[in-house]
Structures are given as C-alpha cells and as structure tokens.
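Below are the structure tokens for one structure; questions will follow.
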Amino acid sequence: MNSFGTLFRLTTFGESHGAAMGGVIDGCPAGLRLDLEEIQKEVDRRRPGTSALTTARRESDTVEWLSGISPEGLTLGSPIGFIIRNSDQRSGDYEALRDTFRPNHADLTYHLKYGLRDHRGGGRASARETVCRVAAGAVARQFIAARGVAVRAGIAAVGPVTVEDPFLLPPGEVDPQVADYVALMRREHDSVGGIVAGSITGLPAGLGEPVGDKFHARLGAAMLSINACMGFEYGEGFAAALRRGSEMADEIVPLTDGKLTTLTNHCGGVNGGITNGNEVTFRAAFKPTPTIARPLRSVNVSGQPMTVDARGRHDPCVVIRAVPVVEAMACLTVADMLLLSRL
Amino acid sequence: MNSFGTLFRLTTFGESHGAAMGGVIDGCPAGLRLDLEEIQKEVDRRRPGTSALTTARRESDTVEWLSGISPEGLTLGSPIGFIIRNSDQRSGDYEALRDTFRPNHADLTYHLKYGLRDHRGGGRASARETVCRVAAGAVARQFIAARGVAVRAGIAAVGPVTVEDPFLLPPGEVDPQVADYVALMRREHDSVGGIVAGSITGLPAGLGEPVGDKFHARLGAAMLSINACMGFEYGEGFAAALRRGSEMADEIVPLTDGKLTTLTNHCGGVNGGITNGNEVTFRAAFKPTPTIARPLRSVNVSGQPMTVDARGRHDPCVVIRAVPVVEAMACLTVADMLLLSRL
Amino acid sequence: MNSFGTLFRLTTFGESHGAAMGGVIDGCPAGLRLDLEEIQKEVDRRRPGTSALTTARRESDTVEWLSGISPEGLTLGSPIGFIIRNSDQRSGDYEALRDTFRPNHADLTYHLKYGLRDHRGGGRASARETVCRVAAGAVARQFIAARGVAVRAGIAAVGPVTVEDPFLLPPGEVDPQVADYVALMRREHDSVGGIVAGSITGLPAGLGEPVGDKFHARLGAAMLSINACMGFEYGEGFAAALRRGSEMADEIVPLTDGKLTTLTNHCGGVNGGITNGNEVTFRAAFKPTPTIARPLRSVNVSGQPMTVDARGRHDPCVVIRAVPVVEAMACLTVADMLLLSRL
Amino acid sequence: MNSFGTLFRLTTFGESHGAAMGGVIDGCPAGLRLDLEEIQKEVDRRRPGTSALTTARRESDTVEWLSGISPEGLTLGSPIGFIIRNSDQRSGDYEALRDTFRPNHADLTYHLKYGLRDHRGGGRASARETVCRVAAGAVARQFIAARGVAVRAGIAAVGPVTVEDPFLLPPGEVDPQVADYVALMRREHDSVGGIVAGSITGLPAGLGEPVGDKFHARLGAAMLSINACMGFEYGEGFAAALRRGSEMADEIVPLTDGKLTTLTNHCGGVNGGITNGNEVTFRAAFKPTPTIARPLRSVNVSGQPMTVDARGRHDPCVVIRAVPVVEAMACLTVADMLLLSRL
C-alpha cells in the first residue's frame, strides 16, 4: 500500500503527470510549532533542475498545507494534509513511451500487475513520488529535533568515486569529484549508481522492538522503499561478515557521570534491534538510473521487439537527489519509533 | 511488536529459558494439506547440537500443533497455534550473567528499555526465538509450493572463505572449507561473520506494492529481523553502486510462446518494487557471534567495570544456523505478498 | 487515527474551517471505470443547505480528483487522492466560541486531549469531515456494485415519528411527517434524535472473519464512527434480547436449484460473523444535535461558569444528513471485507 | 483475523474440541506485577458447569502461562503466551452434527467460506473461544487497575425479566428472577436472549481518537465480536433517538477544586469519540442461544432437508456466561486505548 509508519504515519498519493502529488501525516502530536518555511527549503533542496547534475524538469514544488496546522503554526493533533501541484506536465515528451516497456523500469511490472498504467513519466513509479516523503520527512524532522534527534545523509560513493567524509559538505552541495564524474556520465549518455551514508544522533536508548519491529529493520525497509535502492546495511554491515567476534566487540565502559559508553561502535548503535544510545550509522546502495540515452532492446505492449532510446529529462545519477529522501525516510522512521516505544 | 505479515501473519512468543516457545499463524487459507513430518524435519534441521559446528545445547524441538489443522491434516482457515517446549533449561549456566551486560548483546538495551530482563540465555533476544519462525516458515513453504514457488538459501561466505555456488550442497550440509574455518574459530575461542545467499523461483509477476510494500523492502525487513543480520541486498545490490546504467540494463526480449524474458537479471527479479517473473536473488550479511570465549570489558548492573568471559554454549558462526531461518522468513514474506497481491 | 479499512482503506483529513477537506483511497483495484459525475451527485446529496430542514451553511462541495484515475476514468490501482475546498469559512460566526466548551460537543474533550483545538465550527470534530467519507463511499459503491452488491439507507424514526418503510422514498427525499417534526424542532429552538435503517443486498456468503473481524463488528464500528451515533444493531438487534430461541430460528430449506435459503432472516444475514447470503439489515441510533438555540450552562477555558446560546448554522436533526454517510460507511466496509475475504 | 487491539494486542487460537485454546498478549508494558491466581479466578468464573444455569460441559480451564512473565510475576515486556487445554473432548456427542447445518449457527457460513469445518462443538465458532479473551482480559484488567480504571458488567435483562441494578450482586451471582426464568427456558427446551450492562470508571479524559478510532467505536466493535451479540449502545443509546437536544444536554459546571463536571451523563462519558472523564456506560444485546432441544428444519451437506434436534450440552441463556466476556473485552479495549493515547 502507500503508507509508512504505525503511529506517525504518512500516506502519499499522486502520479508524476497527474494534477498533484500529496500526502497525509497522521499521528503527529499536537502542540508542535512547525517552521513551514524551513520545510519548504527542504523540499526545494530535493527539487530537480536546481543543478546541472540533475534532470532539467522544473517544478515549483510549493507545498500547500491543507489541514492539521493552526493559523499560528502549531500542530493540532489532527491529520496534516498537503498537496504539491504538478506544474510541468509536458507529457508529450512521453507519448513515444505509451506502448513501450523501458528496461529496468516499472513499466512492465505495472502493466503485468494492473493491466493498465499511467505511462507519462513513470506515473506512480516516478521519483517524483518522493517529494511527498521529503515534505513529510521535514515535519518529522522538526518533531524529532524537539527531542534532540538529528539526521544527516551524504554521498559516500558514486561509481568508482568515493567520498572520504560524506557529511563534510553542507546540505545540497556536491563534492567536485562526484560532480565531474556525473557530468562525464551525462556526456557519455550513460548513468551511474552510488551509495548514500546516513547518521542519526541524539537517539535515546530503548528505541525499537525486539523481534518484529527492530529499529534497523524498520530503517532498512524505509530505505529499500526509495526508488532504485538495492541494498541497506547498518554499522559495519556487509564488512562485518568478514570480521571476527574479537574485532567487532563494542566493549562497554562506565563514564564518570555514571552513564555508560562503548569504546567502539561497530554495531552502528543498535543491539538486538534496540538502540543503545550511540550514533546510528547506515548506508544505502542505489543502482544507476535505468533510463539512459542509448538504444536498449525491449518490446512494446503487443510483444513486438523494438528499441528504446530514452532522451527524456532524467538524472544521470539518482544518488544526488536521493540524499534528502534518505534523510526524510530516516526522520519518518525515528518519529514513528519514538511514538511506538513511548519515548 | 512480535508479528510478521499482514494477511499471512505470524505472531511468536517465548523466552529461551521459559516454559515454551510458540506461535500463531493467522491467515493461512483453508484446505491446504500440510505434511507435518516434513515441517518437523525443517525444524530439526535448524536445531543446535546436530553438528560439531554449532552450540552443544540440545533441544528436542518437537512442534506440538494445537489448532487450525483438521485430524486429516488440512488447514481449517482458523489460526494455527503451536508450541515447542524448552527441554534444556540449564539456566544455572547463566547465573553468572544475571548482573552482566555482554558487549554487542541485547543485555544492555533490554535493560534500558524494560528496566528488567530475563538474563537466562538472552531471554527473548535469544536465537532460540527463530525456532518458531522456522516452524511457521515451513507451513508457509507448503502454501507457496502449492503455487509453484520455491525458496532456497545457502552459505555464500564465512569470513574470508567464499563459496562458489551457495546452492550446490543439499540442505543441512556444510562446505568443507567453511567447516574448517568455523572449527578454527572455535579453537581460537573466537567467532566469525558471513553471508547467506537466497533465491526465490517460480514467483508470479506482479507481487509487491509500488510504494509502501515493495517486494524487496518487505523481504529486506524480514531478513534484517533475524538476529545478527546487519545488511541486505537484492540483485546486484551494493555492487550496483559501482555500475553504469548501460551495464545494468536487463534488456527485454520476446519468447516464441508470446511471453517475455530479460537477457540478464541484474535487478534480481524486481522492478519498481514489483516482481517481474524472474528469479529473485538476495543476500543477507551476518556479524560474528558476539559471545566469545575471551575476556571483554563491560559493566555490571551497578555500573561497575568488570570482565565478561563467556564460556556458554554458543555458535562460533551464526551463519550455519541462519540458513533455515533465512529460508523461513523468505517463505513467510512470499506467502503474505501472494495474499496481499491477491495472486 | 484517521483511517478506515485494511485493504480498501480511506484516510481523511481536514478541519471544517481550514483550507480544504480531503482523503486518500488506497487499495481500490485497478481497471474499475468510475462515473465521477455520479459520485459528485452523491456528495451533493449530503450537502447542507439543500433543504429547509438542514443547516443554512452552503458549500459547493466540488470534489477535485488528484490521482489514481486515468484520463479515461479508469482506476489505476494507485491511491486515489481528492480534496474538497472549504468555500464558506465565515469563522467570525464562531469567534464567540473560541473560549467556550459547548455541552455534549467535542470542544472540551479535544481541549483536554490536545491542549489546543480549532474552535471554528468544531474543527476536525465537525460533521463536515463526513463529506470525505461520502466521496470515498461513492467510489466504494461503484466497486461493490460491479460485484452485485447494493447498499441503501433511510430514516426509520425521528423522535416519536416512525417511518413504516425507510426505503420507500427515493434518495434525498424526506417523509412529510418527519419533515414536519424537524421543522417544529427548529421553531422550538430545539433538536431531536433519530434512527437510520440500512440494508445491504447481493452480498456473497462467506464475507467476514470468525473472531476478530466479524462482518457485523466491522459494520458496527463504521457506524459508531459517524458523528452523534450512539448505538448499532443488526438483524433483530436489541429486540432479540427479548426473544426465545424458538422464535429466532432461521430455519434452512433447500431451493429447487440446489441452493439454500432460510425461511426468515432474524439474524440479519450474518451467522458467526460471516455473511450467509441473505440481506444484511442494520440500524444506527443518533442523538439530537447538541447545538441548540437555547441557553445551556457551561464553562470557558478559564474554568469560569458562563452560558452558551448557540445560534450558529446547525441542523435540528442530524439524521437527515446522516443517511448518505451511513450508506458511505457501509459501502466502504463491504469493499474492504470483499478484499479481505478474497471474494 | 484473530487479533484485537493495536498496541495492547491479543491474538487467540483454538477450536473447541482441538488440543488446546491459547493466545498471545503482545504489548503489555514491562514491570507490571501480575496476580496469576486472581486471573485464574476470573477464568474460573466464566467456566461452564459451575452453575445449574449453564451447560454441563466441564473444563478445568487451567491457564498455563508460557512466556512474558518473570519467575517473580513481573511482566517482561515480551509477549505473554498462554494455553488452556481442552480436557473434555467428548466429540462423539457431535458425530450426529458432522453433516448438519444447525440454524443460526456458524455451521453453514463456515462451510461456505472455508469448504470444510471442524464440526465438533462449533470448532472455532464455539463460545469456548472466549476463554482466551477472559484470560487476557484479566491481564488487561490488572494493567488498567494500576492506572485507576475499573470495569464492571452485569445482567440488565433476560427476556422479559429486567434487573434494576445490574451491578448490585457480586461477580458470578445471578438474580433469582433471572435464574428462575432461565430454568424455565431449560424445562421448556427453549432458550432466551438478554442484555448485559457495562460500566467503566476511573478513565482519564482524552482517551480515543477523533475519527477512525473513536473510543465508543472500538468498544462497540469489541462487544459485537462476542458470540451472539447483536447490538451495542453507549450512554442513552437507542433511547437518545427519541430525545430532544434540550433533554440530552450534559451541562458543564466547575467544581471548587478547579476541575469540571457535568450535571448529567446522558452521553455515557464520551464526546466526539473521546472520553471526558465521566463514567462510560454501555449495553450489549445478546440473542437467544440458537441451539435448542426442539426440532428445527435444516439441510445436510448434500443439500437434503432434515431435522436438527440438538440435545447437546448448551446454555439456555448465553447472557450469564457473557458477563465476564463483556468485562474482558472492555478491559482489553481500555488497555489498548490507553497506550494508543499515550496515557
């Protein structure tokens, strides 16, 4: 279905070339003062067309808040409904794709599942769907910030280019080496994958449930729900498979103030599915944008072989635009887990 | 909480040293003929003590079926309740751990979350909890097998040892190189991590929902809910982050019978969160068992520093016993997604 | 929270004097041809201001469909988002109520629960919230109609006036005796309660789950969620408490075509929580509108005693406008139960 | 499905003539001291065979607690699993019913829904299923008692016999006039319906959600899930349909201690779906036991007409045994709503 979360729940709707995208945030506690300008800035940061590195599609992406917020900017406890109009609906660009299944896109699977689909720009499968997650994630961010929790994400790698400290640059800025490589991909009519690193600080211990709602399992599902995400790991992740227990032990020591700490954080802040108070660290892997400006073999809806050569307005690398979505999904996950754990 | 799934739902209970483990399978369609002996065999396959490579703890692990199945072995449509007695409750072994927080275990996080815990053998956090998943997964396996779906898992790597074809050996058998390395770890009082590979074949196209219940997101959450799992990927996974779009394209071609196929399966059988009819391939990374027979720094419940030297009955490598659990969680996920997608 | 249903799920949002009301219908199967004009007519039928008997408030109540429907009017399988602007926001009328708790309204309970509230016209507690249910219920009606199910509701009683056949008059028309009594209440600055009867025909046998999702329990919860509803019964309902078993037995007889029927339908079409193929009959009781144009004792937010004398724009009898809401909630319940029971 | 509740969730299983009944309570907070003897007493109170007025079937109904409770009797925060063996499985009594559909029973609807059924004593549809609700409800009662909430239920009417104060007699005792009438029904080989009244005191204000989880809607669904329940009302209920607004107004007045109260409680403690701090009052209507010792027309599974003359071990009036079940479902509802409202 189209919802995330149990107690802090986001439900989204909208096809990329329909009238509007939108969402409902249900369960946000009452009395939270929202800074709507700040939220709009986060949404703008995600917007395509703001950089030479991303698709040329331009949307104003102004969030219209419809309910749940008092004139003074306080949450009312009632559901927060919002919409974002689709201003740039040049669906003519997509007419050629009406009867075509683009390889690695959801075109074919939607067709097989539903018997029909909105072929314009991917419809519901479009990355545009994530604009609602970013808007709602920004609400969640202000809710969790009031409890001291901060979420950051950054580009850790794009193809062969790795970034030493993914959190060094301010939000929205891109490492020059990464930018160069993405520009190269565009020139070569190709695309490339990458990795986004995430960090959650200020989390209380005790978040998450032992079996069915482990903190990292909920976080992983949130990341894997992002378009093009093919993998998730937390702490040492896949590298832990190579390690010995003696190398991974996060030994526990007392602090002078009576609190506890660990000498290391190999386990990424989670033990047995429950946060231990350390920073939660995680990474999400993204595949290359499937739409490239090169001929690919495919079939049309009649099953006849043909060639797809997509020259639409698409990103050579989804990772740049994925960063704010990763942050949004982490914020939504934390907000829900805080309420679920009654913290 | 302690449930998995929406329409084919498993709820489990039980601490490792309490009276019994158990579960309820709600939503299994009526009229399915269950082979209970086959299910018991799957449970036995998971059992510790069946190999020199795993913990010496011995449980008979006989599943007692309490409801939901007719005397003739047909599912009634009503919930299937079952229990498995804990026969080997030598909790004296754990007396020393009553006031201790073992590093990387859930001891500390349970203590912080609940204010109390069952210290005997990890209580609810024990790997023993997975016996219920294996029993229920075996029911799910028979349900999905009736629709042509088969699930396999196998060891892909243990520390530095990689296995070329994880699915070559019959269930329960272990590659000699893997066995040697695990035996080495035991001798060295250490433990090691590893990777389990999974494969789901026979899936219909159209399984999964576009945004909130993507097939791979649900599968990923299921894997990440297994004890010690620190990462999940499907298809090319993290390797896709290094790839170009032109390398990853699964080009589509028609077959002579009018059906479609792809020339490759880089995307692991899922596009846009929905299965495309190809084999679904995935991998789960496991950290080393945190309990090792070497001294580790920790604190007791009074916050005093002390040393843990766990000489209990534990596995030097969880991956061997994780294989049937990975299969079980995949079977449960597929069963639920089949019902959710009305297939 | 603000959702109804598991697989055919409606989530609503909106305060009566905010920018807009709206909703998301998630889970409506793809390929259903929707008659949007017919849906608008159902929404118009609920609209206040269409009769001398209801509040003078005028809303155009035009539903704006934002997603989930193809240009040809077919459902896409994706969530159907819609909004309805609040055109008549004369909140000045409500300024006097800013600091007042009207007796039997949600004013006080919202204040106690949330610490703040939208005092304008009841905010989220306003009957205006039901416009979204009627719009979504009309979608559900077309879905269940395609499977042969029809839902009707009608006024069975208003105060002491009882209507012999609640389903005799066409939708929207009101029995003259009922109309006279409601007009009397208006003249007397008072209000009155009433009973709505409902009927569901064409239901397949087998709908509903035995224990936790009994058909009539889900239907009852749906009715009790309507503003001012204080009771629900199905079949003989409360009258059955007076009966003997020998009077209530719906004896079963075979028909010539091999099907079965019952000689009577005392049980209202449901046995053990599951539909038996008979008409489902039910009744919902509504209390009088709490807002009356007479002085009532209350307190303000400072706890000081004061007098409320509400001369706003309100109905003397909610039952007239409740009829389409009862139908909508029944349609939504049936749609969800059809999907849940895989029928 | 077979679950109740969102955060304090009970899942039950078991057929009346299978090996055992059982349940899992998930979400009960940690650190609650449970009095298991008291819980057993509540279960015993429900047991048939303890009075001349109910069925002669004898079950020892000893609850076996399997998990979630420490040896000291404290809840661990983990799921509380329990089973109750079915000791009295004289299913021979039911052999005659194997191919028969008893009128007004779930026999026919189960057959139509599942294609097969456990004919012995109603299987899953048996009132025996409620033993698990009583056991779990007794746990919930101790949880809510720790927060000052008390639940009582009592017989308000049996057929034409009405009881002036349903809460006058101690739990388990039956009004002599009621007892006489039930005994008369037994002598006449007939059965009779009745009404159970309920009362919840000590509830905090603010419990319940405004639209989708109204307190009384959740309570109503819980009552309607009880076998043979055909109607639910709260406060004045169906009588409110006859009332004028001026008669129903619960005027609000300040108390000397700064708190508020209402002069009356026509609305039964709930406004707009949210508790206002008053006593919550409600009533549930039950139909007569459908099984009577008189010949009734029916058909067998081959569709041939036949006569059912049930001389099994059944109650002439379900209301007597329904009282503890009504209490249990109210306790479970309150526990869940307390957690949902974070109170």
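Letters A, B, C and D name the chains as they come in the text, with residue numbers starting at 1 for each one.
Here is the rule we go by: a residue touches a chain if its C-beta (ideal position, glycine included) is under 8 Å from a C-beta of that chain, and two chains touch if they have at least 3 such contacts.
Quantities reported herein were computed from a predicted structural model and do not represent experimental measurements.
Listed by label, the chains that touch subunit C and also subunit D are A, B.
When chain centres are set by their Cα atoms, the one at the greatest distance from subunit C is B. Centres computed as Cα averages put subunit A at a distance of 38 Å from subunit C.
With centres defined as mean CA coordinates, subunit D is found 45 Å away from subunit A. Distance between subunit A and subunit B, defined via averaged C-alpha coordinates, is recorded as 26 Å. Looking at subunit C, residues 1-3, 12, 78, 110, 113, 124, 210 sit in touch with two or more other chains. Taken together, the subunit D residues at the contact with subunit A in this complex read 6-7, 78, 210, 339-340, 342.
Looking at the complex, you find that subunit A touches subunit C at residues 1-3, 9, 11-15, 18-22, 24, 26-27, 30-31, 64-68, 70, 74, 76-81, 83, 110, 113-118, 123-124. Contact residues on subunit B toward subunit A in their complex (touch as defined above): 1-4, 12, 101, 103-106, 108-110, 112-113, 124-125, 129, 157-160, 185, 190-195, 205-206, 209-214, 216-218, 220-221, 224-225, 227, 230-238, 240-254, 258, 260, 262-263, 266-268, 270-277, 285-292, 294, 296-299, 303-305, 341.
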